[in-house]
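Got a structure here, written out as structure tokens. Questions coming.
Labels for the chains are A, B and C, by order of writing; each one numbers its residues from 1.
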Amino acid sequence: MTAPLLEVSGLTMRFGGLVAVDGVGLTAQTGAITALIGPNGAGKTTIFNCLTGFYRPTAGRLLLRHPDQGEIELQRLPGYQVARHGVVRTFQNIRLFPRMTVLENLMVAQHVELMPKSGFSVAGLLGLAGWRAAENAAIDRARFWIERLDLTAVADEEAGNLSYGMQRRVEIARAMSTRPLLLCLDEPAAGLNPRETAALGQLLLGIRQEFGIGILLIEHDMSLIMGISDRIHVVEYGRKIAEGTPAEIRSDERVIKAYLGEPEEEEMPAEVAQDLAQDLSQETRP
Amino acid sequence: MASTIIARLPARLRDAALAALLALVLGIPFIGLQTLSTDQGLAIGTRWPWLLAAAAVIFAGRLLFAILADLLAERRRTARAGRSLVSEALAGRLTRGFGIGAALFALTLPFLPFSDRYVLDIGMTALIYILLGMGLNVTVGLAGLLDLGFVAFYAIGAYTFALLSKFFGFGFWLSLPLSGLVAASFGVLLSLPILRLRGDYLAIVTLGFGEITRIILLNWQSLTGGPNGVSGIPRPSLFGLSFDRRPPEGLGSFHEVTGIAFSGEHRLMFLYFVALGLVLVASWGVWRLRHLPIGRSWEALREDEIACRSLGINPTASKVSAYATGAFLGGLAGCFFAARQGFVSPESFTFIESALILAIVVLGGMGSQIGVVIAALFIVLLPEFARDFADYRMLIFGAAMILIMIWRPQGLLSNREPTLRLAGRSAAGDSAAKEATP
Amino acid sequence: MDSAVALGTFLQHLINGLTLGAIYGLIAIGYTMVYGIIRMINFAHGEIYMIGAFVGVTGFTLLSAAGVGSVALGLLAVLVVSILFTAAYGWTVERVAYRPLRGAPKLAPLISAIGMSILLQNYVMLTQGARPKPLQPVLVGGLTLWRGENFDLSISYIQLFIMLLTLVLMLGFTQLIQRTPLGRAQRACEQDRTMAALLGINVDRTISLTFVMGASLAAVAGVLVTMYYGVIDFFIGFLAGMKAFTAAVLGGIGSLPGAMLGGVLIGLIEAFFTGYVSGAYKDVAAFSVLILVLVLRPTGLLGRPDIEKV
């Protein structure tokens, strides 16, 4: 196995007295789907926020092995720079540019590349040929992802007017338009129906295979996680409690306990616990 | 249709009566009573009939508006299927058509039969406000950054030209880009401390910046001449030709070189065309910028700053560039203003100007360039038409601002035209797939 | 001796600054409360204060014409009348210019408010004239706190009255917000208007009452200013409004104690800057302090820092 694309060690995030993430370590490989799971409030999104430059971690090291630029410590970069080094995310509660069209959303995603090509607007203002070629290439890339995610019919619609499922797809298309090394998805299946979820699974497997990038995802949908993940990390109360292949995680005592609660706690109604247990034992490849 | 209106009439009447009653009460200390200055200090006078008249006006006005609103609502309800009377595509074409029509009209205005000094003068005022509106539209309309002190850039542009001409003898054409650049530098300077601030905090800080600028202009006597301002600012020349009867040293004169008989109106026409040229170039520039990565990043910033950061866009750079671009246009407008007046003083750059420019952007529909033109015309022309009401014109103006916002909170033109479309474009071939891979 | 004079001068500036600050604070509360509940800058609030001042002048003039001798009684009557009328104006402004715009894009109410400000200013100018209104002193005399050879430290009764009344109003107001059902409703609306409505709170009425309360305090400030300076005109609302707004933001907009603290700070900055540096640039100083504070603490002195939700 080659050295992992992303190596997180000792990640800690404190908010005042609250320790949201406590010494978490995890890795993500290129060409693999890595899942991050855990009960609500376990600190998954906080880990994402540290990773993608939205929070500055209290402690820890976020090492990215960039094929061209060597080793980069993400926690030292200004927040917006993280995406420029190939770590791009989506959001749990979808953050599109609602009054811009789908195509425009995907064009904004290519801003970092296009800005110098527009001569920082000078060449663009003059309409020089070099800029026009660059713009056309950007449109072609956007078109590729629009077609790939089945958004052709709505490409010129305002993103805010689309259905929930479509918005989720636009967000993935937008992230992919930046040509990431590591795609971080925060609950991409939330709010999707089973058919859409299955399609999402196929899409992610396809992206992994075709483009060989790393995918890191937070998800609650166990059928999806168990179906597509190469490796799963489990966090609870800000600590990592388990790591392994889907098969290993399914049989891990601590994971089951984290999800079902200690027997004496009885926080979870019986039927919910049953559902969860079922989810955990499922292995339905979408 | 009429029956629903009549059915609602009693409620509307009651409503209007209540409004009139309220007006009657509210009017007591201001309309009913009046403080009069006498030799012994203040005395009180009464004007009860006025108060009754005011209440009557409120009653009638309220009733009229309610019935009008009912009628409009009725029309809309009975209008045939379709979300609006005009389709989106048609609206887009209409807007563009209006833009071209307006430009053509503006180009021919000086030669139209009714055109005279007064018309050209108002035309120039309108053009200045359009230019200012275009500038603020970049900051507020596109980038979504509230600015209540835009007048500062206008003032800085004007004073840059005034002082450059006073101390170094610079002419208009040299000072024009410099004014823009100086204003833009101040835009950068202002944007730095406020990058972390959001929405409403921006409002007061920018407002403060506007006031600070005015106060400094007012008090820095040795540089700016204080309240007396700077006078003797030279007029623009046409390729070195002056439009004065006796041109200043070193310049030829337009009427001598061309052989056209001297007329004071030529100078005015020339100034008008300079303003029009500035506006046309500026609107072309802003239009281009909107279609470039920088412009899209402004709009993206307005829509969602966090999403911008997640895509590697530096919000600081976007904000600073938006402020600077807006300020640049404000500076150009200021420079032209100084050239047209031949005189600048701090009085011209009060908060009310900032408010008016912001009103132009919001009234026009945030981000819409044609909207800016329409709203600027409205803001400049309404007080002119209300001139017959002399004293009441600002009162009417304030009321109109409120009514229009209630009528169209989105602004007059709220349709956003996409900067590019996929439909109708031909695919470029399979290079796309290769390009898309990392 | 010189150091005594210096100390005396310092204290005199302090007293003047506190008086001014109390007035700014009273107006600032109106901004902060309205902002807290509907997240809008009520740009016409300065005009509401100006209206309060004008009702005050009219009231005092009427009383002196009627020959009312008792200062205490007259003052009370004028304050009450001014509060009543000004509150009615505050209510109307909300009803006419802001309520129809609830849920509209953020800048629409701001433009409407600017329109309202222009409207009210011109309304008062047209009905009462553009010339300044001088008023006979209502409360004269004062206390000399310290008497030096060529310097007296004094506090006038009116200054004392302003500070005491502001203090009392502030205490009463804090109680009102913290202890009464109305205050609870108000705080609930601040947190989540939809939820408050679902729980049976009449949101429209609560918002109206917020405007009424803000206007009442502005009316008091208007009457006090009239007595303090002895002259007003239709334009006083703009500058005072701007200062009070600055005070509200400085203290942390949405926070009542913040508004008061901000008001006092702005008053002190003005008094000391005028006394020791230059009167012409006192507003520059106030705004500079504001910008500095916001750079260091983007939500003001007592404002809750907002954690960015991703």
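To be clear about the criterion, contacts are C-beta pairs under 8 Å (C-beta built on N, C-alpha and C of every residue); 3 or more make two chains touch, one makes a residue touch a chain.
All of these numbers come straight from a predicted model, not from anything done at the bench.
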Most central chain by CA mean? B
Find the chain most remote from chain A, comparing centres computed as mean CA coordinates. C
Where the centres are mean C-alpha positions, what is the separation of chain A from chain C, in Å? 50
Could you state the distance in Å from the CA-based centre of chain A to that of chain B? 43
Whole-Å separation of chain centres (CA-atom averages), chain B against chain C: 31
Where in chain C do residues touch two or more of the other chains? 308, 310
Residues of chain A engaged with two or more neighbouring chains: 54, 91
Name the residues of chain B that each touch 2 or more other chains. 306
Write out the stretch or stretches of chain B touching chain A in their complex. 285, 288-289, 291-294, 296-297, 299-300, 303-304, 306-315, 416, 418-423, 425, 427-428, 431-433, 435-438
Residue numbers of chain B touching chain C in their complex, please. 22, 25-26, 28-31, 33-35, 37, 41-44, 140, 146, 193-194, 196-201, 203-205, 207-209, 211-212, 215-216, 218-219, 306, 351-352, 355, 358-359, 362-363, 366, 391-392, 394-395, 397-402, 405-406, 409-410
Touching residues on chain A, where the partner in the complex is chain B: 52-54, 78-84, 86, 88-89, 91, 95-101, 103-104, 107-112, 114-115, 118, 120-121, 124-125, 127, 136-137, 139-146, 152, 155-156, 158, 174-181, 210-213
Report the residues of chain C in contact with chain B in the complex, numbered from low to high. 35, 39, 41, 51, 54-55, 57-59, 61-62, 65, 85, 88-89, 92, 96-97, 100-101, 104-112, 114-124, 126-129, 131, 133-136, 238, 242, 245-246, 249, 253, 280-281, 283-284, 287-288, 290-291, 294-295, 298-300, 308, 310
